[in-house]
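Just so it is clear, A, B, C and D label the chains in written order, and each chain counts residues from 1 on its own.
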Amino acid sequence: MIITMKKLAPQEEIDRMVQSIELKGLHVTMISGTDYNVFGVVGDTTILDDRKLSASPYVDNVQRVSAPYKLANRVFHPADTVVDVSGVKVGGSEPIVVMGGPCSIESESHTDEMARLVGEAGGRIFRGGAYKPRTSPYAFQGLGSEGIRYMAVAGKKYGLPIVSELMSIDKLDEFVENVDLIQIGARNMQNFDLLKEVGKTKKPVLLKRGLANTIEEWLMSAEYIMAGGNENVILCERGIRTFEKYTRNTLDLSVVPIVKQRSHLPIVIDPSHATGDRKLVEAMSLAAIAAGADGLIIETHCDPPHALSDGAQCLYPSQFAFLIEKGREIARVVGRDL
Amino acid sequence: MIITMKKLAPQEEIDRMVQSIELKGLHVTMISGTDYNVFGVVGDTTILDDRKLSASPYVDNVQRVSAPYKLANRVFHPADTVVDVSGVKVGGSEPIVVMGGPCSIESESHTDEMARLVGEAGGRIFRGGAYKPRTSPYAFQGLGSEGIRYMAVAGKKYGLPIVSELMSIDKLDEFVENVDLIQIGARNMQNFDLLKEVGKTKKPVLLKRGLANTIEEWLMSAEYIMAGGNENVILCERGIRTFEKYTRNTLDLSVVPIVKQRSHLPIVIDPSHATGDRKLVEAMSLAAIAAGADGLIIETHCDPPHALSDGAQCLYPSQFAFLIEKGREIARVVGRDL
Amino acid sequence: MIITMKKLAPQEEIDRMVQSIELKGLHVTMISGTDYNVFGVVGDTTILDDRKLSASPYVDNVQRVSAPYKLANRVFHPADTVVDVSGVKVGGSEPIVVMGGPCSIESESHTDEMARLVGEAGGRIFRGGAYKPRTSPYAFQGLGSEGIRYMAVAGKKYGLPIVSELMSIDKLDEFVENVDLIQIGARNMQNFDLLKEVGKTKKPVLLKRGLANTIEEWLMSAEYIMAGGNENVILCERGIRTFEKYTRNTLDLSVVPIVKQRSHLPIVIDPSHATGDRKLVEAMSLAAIAAGADGLIIETHCDPPHALSDGAQCLYPSQFAFLIEKGREIARVVGRDL
Amino acid sequence: MIITMKKLAPQEEIDRMVQSIELKGLHVTMISGTDYNVFGVVGDTTILDDRKLSASPYVDNVQRVSAPYKLANRVFHPADTVVDVSGVKVGGSEPIVVMGGPCSIESESHTDEMARLVGEAGGRIFRGGAYKPRTSPYAFQGLGSEGIRYMAVAGKKYGLPIVSELMSIDKLDEFVENVDLIQIGARNMQNFDLLKEVGKTKKPVLLKRGLANTIEEWLMSAEYIMAGGNENVILCERGIRTFEKYTRNTLDLSVVPIVKQRSHLPIVIDPSHATGDRKLVEAMSLAAIAAGADGLIIETHCDPPHALSDGAQCLYPSQFAFLIEKGREIARVVGRDL
């Protein structure tokens, strides 16, 4: 960490700052600038709060050299983490995992049909929304517990672990009992109370990147979960918010090699929410695999125009199956199974 | 609402869509385009889900003409809403309200001192964080209930209603009992479960705009609270995320006249979090008042360099007092008291 | 095009607007809204200026249904455009073209060596910067004409057409004579005078997307060139500006399927400038091919750490060659040669 | 400047980098990190190219402590620059200058009328577009030289210096002769050839911030002009591009205090282009004055609905006059005349 103090900082202020840092077991080296006083801090700087250091009127700025996350950092954990989702392994050199299913769970028979179709096509985890984060209070909010129950039944029947979004702490027990992979949605990526609670379980967590969150903040949210004792975190990119209007969000595929370099956690791509448009999903899915992703999570529906939510981005089942076939060929080129 | 269907859409698909909309009591008018089939939908379109309509492979796009919010919409409620925060009125032609206090509540004596300083300077609501949303799990997380208690005591002593951030539903009772104005933070602007719960109370709510949320989404979140029966919503802008690096966020002051035109709800500006830099707070506060804001929420601390969080953006008490004086003069020019 | 007028708009204002549009040969249909007067405009709306229509105080908003570009629009030109760059064909079902070379041209011998290496590795167009857009006036500004000469000599020797960036109209003759593919850089994407001038030539143009430009604005800039009579436009995505800090820019790969759907022009990806980091280039290149790109433009240098500019994003020649090999395998999966 | 090298960097690579920097007359200090080798560079680091230093595979990152601009930097030029625009002084403690006029120059009589109205209302510089940067090749492109002539005549008649946008080097002589303040538009902020050419004149320059450019890049573009010998640069903020859709751009008013702190150059605000909506212009103008701006540039038109361009954001003359009156009162509160 590099701290730059103003040239006019009185010596006693400088001494006070240096001492407060050294008291925490870190070392401070001075580099005497011509226009500034610059200090280097060596040691475990994750325990320092940069905004607190910046508070002194004599401090010009504070810059980190090493990342503020530790448990999620590949520097300290060189080996890939492989997360076991009720038997389906995600990450490392394991086969690429495709998760599929409808945006919203709609009925028991529909859920059964969708799980069957996903499994037949080669999907290995069944996704579906029972509690739905909707921008409008007047939109369909999901079937809730009933939806979770339909998913759990269908998942067992077809041998597919299930993933669904948890929005609120008071449903945590229900999810721990019935869901194999707990999704934390983009809007809750910095709902720190929720992160802390899932961190106390051992359940695998699919942590979506927030719409306007940096990769560093995303890894810090993973760190929250891991700091609680739960290291089973899978990261999921689902597009970020930009000025572009032809897509719902902008899919940032560069996260794949970046996450692989900076972290040991698995990384999965969600091209459905990222693009918001089924016509773009196949191209972005193949691109994600070529880039080295550990998995995909894709919306598919047997009748997209009549889906209860987000039908515009749902693949028809035949498109879903075709995508997996094509994806398998791309996977082979980059040395992975699917 | 305008729905554009592809030229090649079969007549039966067109009929089906038109019928499904008319069944909801809306009227559909056709405009026959040269390259598209364009339909206009007339009536209460807030009940339609644009993403669901877009799901048909024959639909090219769906555009709203009128806003998707109703209760928060000035069109249907021309008169300004004035929110009464335990006696302090915010909005309409009421005097501009300055809310002040430290980022984090630190101790009982410090809280008492800060409340006294805020009141003496002309602040009318006392702010402070007891539950803190921190990016790092290793940073100070706030005093919790203890902090709320210190605030409640100090607020009563100096006659200042208090505002503090609620992060989790399980603390709602504590807030309803002890806090005068419940803050929903930027990271929770789309924590819909939380919005629904505060919507069931009658407590005034300070709803911060999310870092990457449009004004429309912000008003939709207000709509969530109001749809539950709680119309006491005050909007608060605290900066949005952009590419600029010299400020923590970019303060979007144009929200002031926009919110005034589109909604009847009061609008308050938080220049401390928006800029992240105390050297910018005075200029942005005066600008906010000149733009027509109904209030300000400002961080102030008796010893910013030793504040437990966000000291870099805290004003010294003398700066806070000076700002109120200057702000009062600007307020007069735009026809308001302060 | 849909025009929404306020409910209180006087009839004479409505009539005036309708007439002014009909005078241009377009048809106007009215849809009587409950809260607004909404009109649909049918015909060639590219000749209407939406901002001019919005100028009336009685107009609430103006929304386009069809795109504002015509020559670049696939609706009116269903067949893929294939651009012939001095014998190397780009677009349609032609083999994917890899363009390679250093960021800056440095010396005659170095240019010769780089062209040889690019050709040997399978690159088919030689890239290099002679006139350099640099953020700092104190940074190396390129060799200018001398650099163009070196490139032209080396390109001929190794049978590679050359591409280089044109920054100013006064160098246009030099480029028309010596360069096979004229690059318009991201910073000049809306330098309309420059676009008009290259539009008067028949030279192929590589039009980079501006850092903060929408796909629609990009296609409008292509339209500028095409409206002048030059239809040899190749689009090039090189990353957009977002809040993310771990990459120089955010590569928006979704442009590949979007451009293919909306336009008939070829689309090429520049992963070097998009990421700014050589460690990310291979993954993003393979992803671009999987997504369906018609080509890649990649920086490579025989000694990146001593490159005169942008060494951090340059591939070593062996990396460049390896990338082409891998890329060829991916290309085959998506049905293309390389 | 702080350079972080990987722990595994061989000593000879480290030595080579240190030597190359010391050869330029700078000093290098080492801070031995636990996980990295960190170096501090002291001296005039504006001559170093950070991207070139990052090129070594052993360098992890490079961070600047001091700004990369020198001539525009207040550290080296503490006194405010006051730019004299043919007698009208802008900056320092001079009265706030309001520039007004139509978006596009339309005819001789209209120009005369507009200049008269601007002068009568208290505007002190007359603005107008003769060469127009339009997104669409099919939109009105301006009257060109004829428009400049109309402006020059009207400006002289009413004693108002004139400001207009220069888009291309080949019109520079025309502008030097006829225009008092040369505007460099947002789209050309990084048209470095154009910046260099205006840098060779002594004409005052109004440098608009690019739509997606950081304040640092903006000051670097000012540096380009100043490095050529022309120190008469006025900065102009006109909104940046964000995800928000209710405004054309997002006006970033925090630039006012930031520019005042980091630079000595005057700063002017353009609320018309920033918001794109006349209903927001007054509020944003008053806010800009309250924030400390040195001037405003505002579009006004005697008949906005029939303006040839951008009528939606043009004020009616009475609104323009009212704004100046109100602005004068705000100016007084912040200690300035207008």
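The rule is short, and it goes like this: contacts are C-beta pairs under 8 Å (C-beta built on N, C-alpha and C of every residue); 3 or more make two chains touch, one makes a residue touch a chain.
Keep in mind that this is a model prediction, so the values were computed, not measured.
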Most remote chain, CA-based centroid, reference being subunit D: A
Comparison of C-D and B-C (more C-beta pairs in contact): C-D
Whole-Å separation of chain centres (CA-atom averages), subunit B against subunit D: 31
Centre distance in Å when subunit B and subunit C are each reduced to the mean of their C-alpha atoms: 39
Length of the line joining the C-alpha centres of subunit C and subunit D, rounded to whole Å: 26
For subunit D, residues contacting two or more additional chains: 212, 241-243
Residue ranges of subunit C touching subunit D (in the complex, touch as defined): 46-47, 49, 51-52, 54-57, 59, 68, 133-140, 167-170, 187-188, 190-193, 196, 210-212, 217, 220, 223-224, 227-228, 241, 276, 304-312, 314
Interfacial residue positions of subunit A with respect to subunit D in the complex: 2, 4, 29, 31-36, 38, 40, 42-43, 60-61, 63, 65-66, 75, 241-243
Subunit C contact footprint on subunit A (complex, rising order): 212, 214-216, 240, 242-247, 250-254, 256-258, 261-262, 274-275, 279-280, 283-284, 286-292, 326, 329-330, 333-334
